[in-house]
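Accompanying notes for the structure given below.
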Amino acid sequence: MRHLITLDGLRRDQLERLLDLAQALRPNALRGTDHQPLRGLTVANLFFEPSTRTRSSFQLAAQRLGADVLNFDADRSSTRKGETLADTLRNLEAMGASLFVVRHAEDGAVQSLAEAAAPNTSIINAGDGRNAHPTQGLLDMLTIRQHKGTDFSGLKVVIAGDIRHSRVARSDIHALRTLGVSELRLAGPDPLLPGDEATFAGLRRYRNFDEALDGCDVVMMLRLQRERMEEGLVESLEGYYRDWGLSPERLALAARDAIVLHPGPMNRGVEIADAVADGPQSVILEQVSNGVAVRMAVLETLARK
Amino acid sequence: MRHLITLDGLRRDQLERLLDLAQALRPNALRGTDHQPLRGLTVANLFFEPSTRTRSSFQLAAQRLGADVLNFDADRSSTRKGETLADTLRNLEAMGASLFVVRHAEDGAVQSLAEAAAPNTSIINAGDGRNAHPTQGLLDMLTIRQHKGTDFSGLKVVIAGDIRHSRVARSDIHALRTLGVSELRLAGPDPLLPGDEATFAGLRRYRNFDEALDGCDVVMMLRLQRERMEEGLVESLEGYYRDWGLSPERLALAARDAIVLHPGPMNRGVEIADAVADGPQSVILEQVSNGVAVRMAVLETLARK
Amino acid sequence: MRHLITLDGLRRDQLERLLDLAQALRPNALRGTDHQPLRGLTVANLFFEPSTRTRSSFQLAAQRLGADVLNFDADRSSTRKGETLADTLRNLEAMGASLFVVRHAEDGAVQSLAEAAAPNTSIINAGDGRNAHPTQGLLDMLTIRQHKGTDFSGLKVVIAGDIRHSRVARSDIHALRTLGVSELRLAGPDPLLPGDEATFAGLRRYRNFDEALDGCDVVMMLRLQRERMEEGLVESLEGYYRDWGLSPERLALAARDAIVLHPGPMNRGVEIADAVADGPQSVILEQVSNGVAVRMAVLETLARK
């Protein structure tokens, strides 16, 4: 493994090795320790789309492994002055950065950058357009594994909300399929369900949330972007909550020990009720902690290559 | 002590223990050393109101104690995306941050956040609205102590300027009273003097700066925010300087060995003359150095809890 | 040496000592090592003009020498609140910063700041107006030396493009003259050639790029700022490329083993063709790597003083 651009196409043993390493690093994830395999290396955070949360998670992961971190704020950077993305990359490589964490608003932009990278450089996709967010997919899998065990074959999983525009959903689906989940359901209002993409082929779609939840072991909620209202894809936030919000009553339709995931930041009272977000079945903050462990595992794996 | 939200209500021995520790850390404050009790810990700077200066002071304090520092820029953060303050806090906790330095424009916002914090989290108020700025109060006390000794009972202190809107004044008054200062005077134009608050009860108010300065040992100047002019509370900067600016002539009315403090950033020629700001009685830069020591003391104390 | 404000007036042995140290630090420049002579010290990056690239280079140089780095973002800082530049400096000094990297849009602003600095403070000019960019000059010299040897006396060098507005050109010329280059040519369209300054006295000016390139060993390209078009100094980017762009055909007029430098960020297809920028004679990325080494050498030299 040289880059991590997407979970699509990753073999099951590759996925599981990353998850095993993340699990092993879990005790190191929340506090710096002497385990510093990245000492002397420089990790560059290249965010062409703002995201303090994901960037912070990567920054802490890198620091806890002993790396130096360069936050390269693309808003105020040379790309602004007309420099190409590839030239920005090559410049930071020439300064010694060897691991790049890249977020970009366009599908495929991170892959293009990986193609322009020097032989010793590794690129990690921190989210590109609607395409992929592989470390989010991995941290979701780690969280499910911690609650449901490593055998996903008997699990019923529902992904609910704005699947069409979600890179999180795409990365989750790639991982869940590779890990052999038996039943994977997509739930959302019609304008937010995805089109005719290979990623979603063969998955059952539900236009009724109650039906979709029935008997599920894992409920993966998605964030509703405010833009969807402005675009007319969602009529009102109240209506959205009524039909697609995860209330305690609705959650009761899932398995008794179902867990609830959300990639954050949450719109409380829109896609999720307070009582669920903060309730005993929510694993949302565990996801955040696992995010640091997963990013450490990815950085360590790529640095070793 | 778990959080530091205000100096109001802190016992004298608590205050003095913090000041003693800050004094002991003073040699470590301006240069990194091997004293790194926060190694492995993460300090998050959560500034919902911009302040490079205070944030830098906290960042250096944390780094000199060996902590990792996360500057979480609230302007560009998830709070922007509709996330609640408490969710932002919980997310950073879940990433391993255990000490939070928080500035917020609203009175009481930092206290609310402290109530939402996890049991192992400590919150330090870096300024909330007009309410409190406890580390500024502490660094002012440390500076006075270095010049006037630990017994404040014989001191005459004047606080001058925009007291009404000043969290610095409020924190200074709480500390000065606890430390037993004998005479505490408030001086400023009527619209900038405070209303009927307990904090100011029993303190003598002066509408004439010359009278207020008479015989004082400590002169604590406040910054005049430009907003006060726009709000019509101050007529002109020239008029303000004439009536409320600390000129060398005016300072001569105070005790011969009076010291002059200012929390910065200074408006030279508005609330303070160059000759005073840069003169032999000014301890303004000592305040800045003491700020790092005081913040180290607070971080170390709370981390130890 | 206490500050580094300009290369003008630096003696040849001073210049060469810096280049020798940079060359010796070259293996340490791209990866952190145990060579940490700045451990415990604080380097403050004070950028009053945005520049992620130069700031990143200085940040990495400082970190690789073990320093703590404070990025003081002048856009959001106290200078915004009316504080003077000198007060900002003195505040950061009072917090323990002893090495300052300063960029400012005005000629001479960094020199003024150096005059206000405390006795133990060192200031490094990271670019002021059109005046000087000494570390860029040094890294260019280091790059030339690596390819052409330490004796510059036989070299023919051309500097091409917007020389009039370029601090890079001025610093290069000061260094090239001090290092005894035999023939130094200035090439550019008339409105972009410099006026009657001592720096350029006696240097031959070319209004035809082909003639200027003839037989040169070193070709130093400059960036064309988009503002030049808006100001009417350049008619069109296409016309500029036709007359002043470095194409492979044009480069063939220089010596067979000529090297091409560019300070970045490049406007590909404006002042330089892709085939040249990415071709075998380009040393542009070596310049970037040398930039880190040179900045380490400057920081280490000034810290030692």
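Read from first to last, the chains carry the letters A, B and C; within each, the first residue is number 1.
Here is the rule we go by: a contact is a pair of C-beta atoms (placed from the backbone, for glycine too) under 8 Å apart; a residue touches a chain by one contact, two chains touch by 3 or more.
Model, not experiment: these values are computed from the prediction.
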Given subunit A and subunit B, the chains that contact each of them: C
Same or different residue numbers at the subunit B/subunit C copy interface, by half rule: different
Turning angle required so that subunit A lies on subunit C, C-alpha fit (0 to 180°, nearest 5): 120
Where subunit B and subunit C are represented by their mean Cα positions, the distance between them in whole Å: 41
Contacts with 2+ other chains: residues of subunit B: none
Subunit B partner contacts - residues on subunit A that touch it in the complex: 29-33, 50, 52-53, 56-57, 59-60, 63-64, 226, 264-268, 285-286, 288-289, 291-292
Sites on subunit B touched by subunit A in the complex: 39-42, 68, 70, 72-73, 76-78, 81-84, 87-88, 90-96
